[in-house]
Amino acid sequence: MAETAVTSEVKQDTTTPAEHELFVNMGPQHPSTHGVLRLLLRVDGERVLSLKPDIGYLHRCFEKIAERRSVQMVIPYCDRTDYLAAITSEWAYVMAAEKLMGVEVPERAEYIRVIVGEMQRIASHLLWFGTFALDLGAVTAFLYAFRERESLFDIFQKLTGARMLYNYLRVGGVRNDLYEGFEEDILRFLDLLEERLIEYNKLLTGNRIFESRTKGVGVITKEQAIAYGASGPVLRGCGVPQDLRKTDPYSVYDRFEFNIPVGEHGDVYSRYVVRMHEFYESIRIIRQAIKTIPGGPWLGDVPRRMKLVGDVYTRVESPRGEVGVYLVGDGSDQPYRCHYRSPCFVHLQLLEPMGVGHLIADMVAIIGSIDIVMGEVDR
Amino acid sequence: MGLITHEAVPGVVTTSLRRLLNWSRKSSLWYMLFGIACCAIEMMATGASRYDFDRFGMIFRASPRQSDLMIVPGTVNEKMADRVKVLYDQMAEPRWVIAMGGCAINGGPYHGEYNIVDGVDKVIPVDVYVPGCPPRPEALMHGVLLLQDKIMREGIEIPAPAKG
Amino acid sequence: MDLARMAFLALAAVAVVSAFRVVTAPKIMHAALWLGFTFFLVAGVFITLGAEFLAAAQVLVYVGAVTTIILFGIMLSQAAEVRSREPVPVEPLEGTALWRRGVLPVVGTVAFVAIMIMVYLRAPWPTPATGAVDTVRLIGSALFTTYVIPFELAAVLLLIALVGAIVLAVRDDDKEEQGS
Amino acid sequence: MSDWLWGLFQSWGWSESAFNVVMGVIKGLLVTTFLAVNALVLVLMERKVSGRIQRRPGPLRTGPRGLLQTFADAIKLLSKEDIVPSGADVAVFVLAPMVFFAAATALWIVIPFGPQTIVQDLNIGLIYISAVTGLSVLAILMAGWSSNNKWSLLGAMRSAAQLVSYEIPLVLSIVAIGMMAGSLRLSDIVAAQQGGITNWFIFPQILGFLVFFTAGLAEINRAPFDLPEAESELVAGYNTEYSGMRWAIFFLAEYANLVAFSALAATFFFGGPTGPIFPPIVWFLIKTYFFIFVAMWIRWTLPRIRVDHLMNLGWYVLIPLALINLGWTGLYVVLRG
Amino acid sequence: MFRSLRDFFSMIRTTLIGMGITIREMFRPVITINYPEEQLDVPLGYRGIPVLLSDEEGNLKCVSCELCAKACPVNCIEIQSHRDNQTRKKVLDVYNLDSTWCMYCGLCVEACPFDALAMSDQFELASYDLPSLVYTRDQLAEIGRRAITPTTNIRETQNFGIKTGGARR
Amino acid sequence: MSEHEATTWPEHLQPVADALRERFPQLSIELKPDNWLEVKVDADQSPEFFRYIKEYPGLAFDYLLDVTAVDYINEGKLQVVYHLARLGTDAKKRGKLVVKIDLPRDNPRVRSVVDIWPTANFHEREVYDMFGVVFEGHPDLRRILMREDWVGHPLRKDYVDQRPKRTRVTR
Amino acid sequence: MVSAYTDVLIFFLVGAGFVALNLTLGRLLRPHNPYPEKLTPYECGEVPVGEGQAPFNIRYYIFALLFVVFDVEVVFLFPWAVVLRELGMYALVLMVIFLFMLVDGLVYAWKKGVLRWV
């Protein structure tokens, strides 16, 4: 069995063990590393002295695959990069392809994209809420979040035909129109969610144990966050109001009214609060979009023969941060190169400044707070 | 070596004891909390309230020592393959493996790519294959039911039902 | 010979064997566990002598706390051979080592046993308490009437122990900070 | 029955001591059976309660309504391979669950099932309880140390520090009970609370109850103090390497401790196994299971507390509170005579 | 210390609030679907395994144009056909769909110009061995026929709810 | 690119272009969709360039989005692509910059930017892993996604998978 | 009185015996198939790195030390609890003095910060 260099490095270190220090492997199979993240911890008692993330346990060659498939065929693979927010990863890719091909997207399609994108954000945040609670030991909150997620999935299923990986966005629009009765379904769900969010807040957010576990833990400064290229709730938790939907609006986001929730302290709690507020903002956006959605086609005019020319970088605000797709075309219908910029890949580097000096128990909270999806990190 | 071996031993006592053992094993399949990719999320959803694995007596254990069932939920790549093997080895016998999703069965959508191990059965023996990408929770539960059938037949000569 | 006497002898004998194992156990962890077991047996001996309060205190303090502290000590110890789960190699004794490690302990032990026997022979032993006497109540009354001063002195002693422990630990920490 | 046996023994010409030994063994087996049955019920109850709280049915398919679930679990665990990891200290590894379970069993000697139904009504009952609960620290340290596993070791150190820290407030709150009753005998404590709800110790001892309940939860490793086995942090804590029956023994002992804790809470503060209409054993079960339910309810509500907060809670909050309670109880006892 | 005390009591207070929530949930009905006995209605348009559809006479609609196989991102469809000498029509001999490679994306159905393919509601595909996971023409056709029985009340053009053939407009 | 194109740029990008030209007069600047400015830089010029755009107050590109590479096998070059942005809600100050550096396919080497933007650490490791581009001055240039003993750089167009075949394991 | 405590001994033995019985019973039923890979200590799927047992920080020791001190104190408390009613205020005052000294030590420990968990 071949050892990775990280392992051998640790082996070198352990030949001269410092006083009361212990090397601990957290992952790839660990209940709270959200998949197959591996952390190499050097601990003194339970205090983390240094840590190294080791990734690649879910590297699935997405970028290579994209080079060998035609444009439409890549979309299902995009789903599988960030499998918790399939819509937003599709969106970034589809936008890039549209720009390269010069395809116009009908207005209705943009509205539908915004609606499903925000639904996806809610779904992703619900899962994050659940797993974060589970990491902190609150099993019941986890199951409650999944309960709500299932009712959202019912809508998704009716709309797209799948539970998680939708393959719903198309170059030039979306796959199918909203079904009849979608409006009632989603509005009913939003009402329910608002009710349940109060419950979540009572159960977890207000809880003293929860507060003491999250406040002041995993602090990063604004400067650190920017220097490390953080985005999404991690950046906003530090007080930087950076949200592509507002700062660099794509699609029709500039037509909706919503706020960018911003944290204060850059700790786990701030990130948590930012995400909890984003639920409400997403609800707001969906309500507005449902009210103002125009009629018309949901799929634009797409040339039968697709040709990708040039290169383009598009970015989309996913639930985890900024997803970017760098797409290069050479005139054929297959991307010449498709690079996927994942926010969590970048955030992983922040684990070290966040985690050093904290306890192992805090590591769990920190990993949960940056909401890692390994499929997206490793691609 | 215990009284109960993997081979079928004829006899009323051993058979009924065997049946009891199989019943207990199939009714209390504790699965290892082991998430790899997309399917892991569906696995979690299966454990959640809507579908509830606990109805089958299945709860998750974090340590492989205490788990009976390893659900491999996701793509196994070259870097992960060794770890999967180690984890499987560390499970206490009797142990079973469900390959969940196309990727774990034979690479699925990623088959043939560099770095992808085409199926977890190249690394560890698999008992039940559950295709889907990812399989719905019901599909996974269907797989579990199949596994329960298989466990019930272990060591007893009951003709296997026609596959379907 | 009644049951109590029998139990006394049996427990004492096992305790001696167990104490012997404390000294001879090749692994320090085992030695510590044997020690805990010995304490436990001594508590049993106390019971056969009618000192149930003392026995419970023995279990509470010695088995529960002192053995724990020893186990902690082993786990915290920096020396590799102490922590090791492998047996400690036995070296032959020679020269001054023989004197220091071989003869002296024997002399000390003999002297100790002699003193103990003397004490045993000369002390005015009370008759063993029988049946329903509430030893706790007796001890309580005695503690707060006859032995008030020693009782309060015990507090002082404990305080000193506490402060001493803290000082040692803190100093150890300081040293580390300078060292590293 | 005991009289009849005694007669039988006398007719055989056996001594009273032999009779006592035989009776002891019978009682021991009875209590062990009681614990095992309780554990079987509790595991199911926990899964059902957690299920209901989470809006799902819990075990359903094993036996009618899932009632046989724990039997299946037990048989499976019994027939599960037993792994002793390489590099483990085998003797200690094997011994640890024994010590843990033996301590859990021995605790039951002084717990009253009825006003007079106690295995042995020791007149140092309260000290005995304090002493025996302390033994589990040893077992956990043994388990964590001998496993040759880092997670086990971390879990063991954690739980040792936790148990050690919470033992003190627990014992201090027990001392206050002794003061209230003026005796360390559990039958006396039950007797002191006879005669209606107003005599229950919960009222003067509300602070003591708070301390006892919190420290007790920590002492038996129940959430939110289940740090030794914190799944999301330490995999499975000190029993990470234990499989099959050995692990089950730890599990069993923890449930035995939960029952003991609930029974003690009922005995100390809620009048013990007495009450109107029903026989004492029914009241014993009602009160005990009430606290078991509360413990489960708490477990499925709260997130896990962090280890340093746990220590702070123990040393900065519970011990001062316990001491204050001690002073208050002293005044109460002295002034009321 | 006073801070810790305050924390302790606020901890107890918030715990009681949380317990209020959980006990309330406890007396609400369970939301679990008791799977093998009862099953969630799979919505119209759910993407299970792709199946072959037949016309009223029970003949496969497929004309072996292989567009689905070309549209498949994972090449999970294997088609073999021959041209019938009399009718000059292609006859489908082999239509193998590897259900393990399939990602259930529905692109094949969208590519089919003849409404001969649809995503079914069939997802319980688990099996003990690998070969049985490759679905043959007849198996797929059988599932397809089951779905257009009149009881299911699904319009033919919308088999399983998915618009087949040219979902473009 | 040429002067007359520059006049069609959105107003807020003009100062950025001016600031770039001020120091690097030869720089070709191109406008891409979504108001991205694209510049091509030589490998030996890159350290100076990156430091300048980070530290010059008029530019201050503090936010490195992405580092990646493209293997143009037909042109015989590897192109490393940097995407940079400035943070801020003020639309006036926003600017987005694409920097492209062409490298030879055999022995591609370029100066690391980890000391300027720490976030480049993982990105550069990934590019090294996938393309074999060596980033000089990188603190820890190891493979990140692939196994440490992996042979070759998979995202190169001429990469061939040379793994031995695995066989099925049965009980 | 001794007989009361034979039960204690018996209970310990019965408890240990129950464990032993179960393990022996299990031996008849369970498979036993150790091989080196199976016996490797669990470390989240990795091959273990370094020793399984490293020494811990000395700070942990303080908790044990404090525990011993307080345990001894508790031993004094129990007899006092029993006789408090008879002896009255006098014993209460004595005990308050006694406890005061120990609390002193505890406060000292707080101030020194040795109760911080590492």
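By written order: A, B, C, D, E, F and G. Residues from 1 in each chain.
To be clear about the criterion, a contact is a pair of C-beta atoms (placed from the backbone, for glycine too) under 8 Å apart; a residue touches a chain by one contact, two chains touch by 3 or more.
Quick caveat, the model's predicted, so the values are computed rather than measured.
Between subunit A and subunit D, the least number of touching-chain steps is 1.
Of all chains in the assembly, those touching subunit B and also subunit F are A. Farthest chain from subunit B, judged by C-alpha centroids: C. Taking the mean Cα position of each chain as its centre, C sits at the greatest distance from subunit E. Here the largest set of C-beta contact pairs joins the chains D-G.
One simple way to say how far apart two chains are is to compare their mean CA positions; for subunit C and subunit D this gives 28 Å. Centre-to-centre, using mean CA coordinates, subunit C is 16 Å away from subunit G. The distance from the centre of subunit B to the centre of subunit E, with each centre set as the mean of the Cα atoms, comes to 23 Å. Touching two or more other chains at once are residues 2, 4, 21, 33, 48-50, 52, 55, 62-65, 79, 83, 87, 90, 93-94, 109, 113-115, 121, 133, 136 of subunit B.
Listed for subunit E are residues 1, 7, 15, 18, 21-22, 25, 30-32, 34, 73, 103-104, each touching two or more other chains. Shared interface positions of subunit A, defined as residues touching 2 or more other chains, are 1-4, 19-20, 22-24, 28-31, 45-46, 56, 59, 61, 64, 76-77, 80, 140, 143-144, 147, 165, 203-204, 207, 209, 212, 359.
On the subunit A side of its complex with subunit D, the touching residues are 22-24, 30-32, 43, 45-46, 133-141, 143-144, 147, 203-204, 207, 209-210, 212-213, 359-362, 364. Within the complex, the subunit D residues that touch subunit E are 49, 51-57, 60, 210, 297-298, 300-302, 312-313, 316-318, 320-321.
Within the complex, the subunit D residues that touch subunit A are 50, 53-56, 150-151, 153-154, 157-158, 223-224, 226-227, 230-235, 300-309.
Every residue of subunit F that touches subunit B in the complex is listed here, in rising order: 146-147, 150, 154, 159, 161, 163, 166-171. Of all residues in subunit E, only 30-36, 39-40, 73-74, 99-104, 123-130, 132-133 touch subunit B in the complex they form.
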